[in-house]
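Lettered A, B, C, D, E and F in written order, each chain numbered from 1.
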Amino acid sequence: MAVDALLQPVVLFFLLGAMAALARSDLAIPEAVAKGISLYLMMSIGLRGGGEVAESGFTHDMVLAGGAGLALSFLLPLPAFWLLRTLGQLDRTNAAAVAAHYGSVSVVTFATGSEILRQAGMAPAGFMVGVLAVMETPAIITGLLLARTAGKDSLAPRGGMLHETFLNGSVILLLGSFLIGLIDGKEGLKAVAPVFDVPFRGMLCIFLLDMGLIAARRLMDRRALTLRTVLLALALPVMNGSLGVVLGTALALDPGSAAALGILAGSASYIAVPAVMRLALPAADPGLYLGMSLAVTFPFNLTLGIAFYGWLAALLAS
Amino acid sequence: MTETIHRRRIEVLADEPLIPAIVALAAEAGIVHYTLLPTAGGAGAHGRWRDDQLSGATAKVMLLAITSQDHAAAFIDRLAPLLESHHLLLMSSDVEVVRGRKFD
Amino acid sequence: MAVDALLQPVVLFFLLGAMAALARSDLAIPEAVAKGISLYLMMSIGLRGGGEVAESGFTHDMVLAGGAGLALSFLLPLPAFWLLRTLGQLDRTNAAAVAAHYGSVSVVTFATGSEILRQAGMAPAGFMVGVLAVMETPAIITGLLLARTAGKDSLAPRGGMLHETFLNGSVILLLGSFLIGLIDGKEGLKAVAPVFDVPFRGMLCIFLLDMGLIAARRLMDRRALTLRTVLLALALPVMNGSLGVVLGTALALDPGSAAALGILAGSASYIAVPAVMRLALPAADPGLYLGMSLAVTFPFNLTLGIAFYGWLAALLAS
Amino acid sequence: MTETIHRRRIEVLADEPLIPAIVALAAEAGIVHYTLLPTAGGAGAHGRWRDDQLSGATAKVMLLAITSQDHAAAFIDRLAPLLESHHLLLMSSDVEVVRGRKFD
Amino acid sequence: MAVDALLQPVVLFFLLGAMAALARSDLAIPEAVAKGISLYLMMSIGLRGGGEVAESGFTHDMVLAGGAGLALSFLLPLPAFWLLRTLGQLDRTNAAAVAAHYGSVSVVTFATGSEILRQAGMAPAGFMVGVLAVMETPAIITGLLLARTAGKDSLAPRGGMLHETFLNGSVILLLGSFLIGLIDGKEGLKAVAPVFDVPFRGMLCIFLLDMGLIAARRLMDRRALTLRTVLLALALPVMNGSLGVVLGTALALDPGSAAALGILAGSASYIAVPAVMRLALPAADPGLYLGMSLAVTFPFNLTLGIAFYGWLAALLAS
Amino acid sequence: MTETIHRRRIEVLADEPLIPAIVALAAEAGIVHYTLLPTAGGAGAHGRWRDDQLSGATAKVMLLAITSQDHAAAFIDRLAPLLESHHLLLMSSDVEVVRGRKFD
């Protein structure tokens, strides 16, 4: 599965972007287009997940997976924080900010992983999109508690950070689309499938080309990254991802969904969490948390991580 | 010849997620009219950046406000302690406007 | 039909956008993408309408509907102006500017309405796209005549406002695409159908998400709106729309086309007309005319108006 | 050291549909060279706005022109009576340029 | 073929854009969207070409066509330079810069031409995309040698211009997508075909609408163009294009591929070459080289040139 | 009141492909911190332009740098001979900043 996964157009376009940036080409996707595609991906993931859940109905598995996701997102920042403080030698604020990123999830890693699993005959259940939505925000709360100083800043919003956290555009769009998918069901979505279903993989290619460019340029700019933080940005996904797969298997999820839980646990946020952290913990260095999650963990998951979680889930299931 | 009046031109460069908070701070200093300008990239003590909207967390926006000497000073006083910790750029210069009352 | 219409993805995405904005989420579609989709919608509507007319040939109905549209667009501003002056307590310039908006049409309301009618088995005739194009500009002329002061301003173009009116980008694009559809016919358009036909409803969803955000943000900013103008922004579409349906039925159009004529008459412009008014009547408040047409009338039509015009047309036809 | 010459820096913020007319007005005042800058949002006496291009009628553009004292004054004279009615923002400040002849 | 070609939606949208601009309409496609579509077109052309070559395998014809393309791109600037110096009365730098544009190629002209040839039953071979990629850069080198002064400027990059030439974003994207197409093959690309294959012609329509606007606006701004340079901008494509067709036929390529070689030889670059020239030969006037290639040669090729090269190839083949 | 210090505000308008080279030139003059601003169009001695990114070769970007008197002069000296041949626009003006050391 690993080699097959690496040779898929989505991954090859990511590598093309990364190589172009490393060679200092001026290739660039306009911001507005990249942002538009990122919104499209969330709408599409939400709608399709909601449509599948509408079809399958609420199940026991769904509740288990949702609970597991919730627990993982709340708790994964704790060991991460400890490792970042000790091995990573980060101060409290930076360690807390980074830990929040690793407790949360990457929508694009999930999307790519789902496609690769589907290709390998291990399609995750539709409700995993709900789990994805559930896992986006709890880690932010844990991270802010770990930092202690959050929101004590003169620029911090009066009403605390909860508003920023739950009304983050990407969180709203994913949840809202999931709800619309639930309401309209697979049948009701047929008329919009030519936009939200059929072209999904192709759109992902264009987006991953851009991700390759951005990740590699961040890596070349790696002002804030040290050898220790880079190594942790490789170790944390493996740790968290394995935990996710093991937990999913223990809860008797099908192998595809267990692998997807691993992908979620092993991925790190680079959209919703940074936007909240920039405001809540301005003293934390965005070069550090975006460098780790976007420039190291994301490429690792895309090329090796997903294949590994899938392999592990298949192994444990048999 | 149309009479013009001296005012202060304040410019603040900040990460996009901080803008609403900075607008609120300006309002406390008596500055409620402003214009936001987009940016494309740059480099500072904290490294280079390009305007990638992927996360939006580090895309920068320039806030421009024309205001009176007093309001400008009040705003700068409030913002000064945050400049370093929030990676802000703050500039102030002279500017002449018509309709002086509008810019107090 | 009303409930069905409300639960379609297009409408649900509009509501999602509106709710996100009301909750003060930072969700936003990049300008360039929204503008691009709006241009796409006009190209698609024009091409498909032209293709259908090429197939059906010119008919008696077409001429009648075109004449009715022309008359409505020229005349609807008159009662609107009177109501805005008296009940709305607006000055002459503002009343004239607003009246022009209500005589003209909203392309997206028409597009959404056509999809909802099609879903309900009442697809309007292809030539109604021609009527849409015909109705965009006459109201501007009536509005400028009502205002009297138009173009006497030192910034107003020497050659008068006609150039601005007829060469407005959206007018040109709709008419031009309609012509291309006429020339190439349904057969000739087959090669481009995967872009201009199949994905239409899905693209409309993304656009309506943005419309929801924009309309709700305008409503929250409602500096220029009073209770009187809000009530008129609800009454005018019902009045004009009913008139359109009755006229369409009287001219013996099929119920779908009569409903579409109602939708056109009941909708208010927020693309072509504001751009001309900003230049021709700078003293008129854009917060007022965009607030009424975009933040009140558009949501009303989308959620209730379209369903009402459709119901009325079906009732009158039977 | 390269010699620099003092000129006026004129900035006008206006709704996009008005820009061609303002460019024509500037030309009447002898200003034919200019640069247009995009904006992202703002707030003024007439309320808040965001750059939604949906209608484009209320998207704002900043016109920047470097010019001589005389041309600047002529332009300001022509523009002053329109500032209030057209919701314009007009600023003028000192600037130094090389190649002074180019900016007369 | 000529009239059919002119009435296709792609060409009609180009004419619509041109007419809107000539009538001074404010119609405009947002930059970011136009740029996004231009990147899409390159990805799509590259992938599809690579996929076809993966299927057909490497052939004798492919090597011949590649060699011919390489030679043409290196050598076509020489007669062009001579004509521009003598008949065109341009100075050395400007003549060299313009000559480089005519030795290189226009991706969109090739794409439109391929579609028109396909429509006429003369589809060029998939490897012609490889020839397209091969022909983008050699002419730049010839142009810089002809100019002599290139890179002696204080702003010119230390390492010379080769980096700028070969790592130009559009060159990288076309080549990279071609490689991905080669690796994944037609089968592997199936999952992304709904984005990169099916909607191609429709996307081309939107792009050509924008090209029409841009070309006509440049023509109206024709500060740098003289009657002599306009005539040369019409003569060069005919000369170069005929040469390409004759050479292709002499090498026994199928008529479609010979026509495509003519289209490539006859087209002039307006993306990759100007970006390099602006930096390498700042003294050359961009108004001149973009005016000639974009405002004169491109519209000529689109409306007449492509049809002529196709006709010539068919004639020579029979 | 927060103390402010005088610095120079340098603005350079240039075609996008030239920006990396201009950034390098600025660095030679000791200016390593800067911000890039997008533009939308304009007109000059070399004609009108709109920001069409189709080729990108003639899309313009504004480079803004706050710096010391000396660095500004050094940068202007290096740039002056290129202004005409490269169609650049160079402006320099006074500006006040907090944290003066940051802008040397």
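One rule holds for everything that comes next: contacts are C-beta pairs under 8 Å (C-beta built on N, C-alpha and C of every residue); 3 or more make two chains touch, one makes a residue touch a chain.
It should be emphasised that the depicted structure is a prediction, and the values quoted were computed from it without experimental measurement.
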| item | value |
| --- | --- |
| Rotation, 0 to 180 degrees and nearest 5, that superposes subunit A on copy subunit E via CA atoms | 120 |
| Far-end chain from subunit F, centres as C-alpha averages | C |
| Distance from the mean Cα position of subunit E to that of subunit C, given in whole angstrom | 40 |
| Chain centre separation in whole Å, for subunit D relative to subunit A (CA means) | 45 |
| Subunit B and subunit F, separation of their C-alpha mean positions in angstrom | 19 |
| Sequence positions of subunit F contacting 2 or more other chains | 37-38, 53, 93-94 |
| Overlap residues in subunit E, where contacts from two or more other chains coincide | 28, 30-33, 35, 199, 275 |
| Contact footprint of subunit F on subunit B as seen in their complex | 13, 37-45, 60, 62, 73, 76-77, 80, 83-84, 89-94 |
| Of subunit D, residues touching subunit F in the complex | 1-2, 4, 9, 23, 32-38, 61, 66, 93-99, 102 |
| Residue numbers on subunit E that touch subunit F, as the complex places them | 28, 31-32, 34-35, 38, 153-157, 210-211, 214, 217, 221, 223-224, 270-271, 274-279, 282-283, 285-287, 290, 294 |
| List of subunit E residues in touch with subunit A within their complex | 30-33, 35-36, 39-40, 43, 47, 163, 167-170, 172-173, 176-177, 179-180, 183-184, 188-189, 191-196, 199, 275 |
| Subunit E partner contacts - residues on subunit A that touch it in the complex | 7-9, 12-13, 16, 19-20, 23-33, 115, 119, 198-199, 201-203, 205-206, 209 |
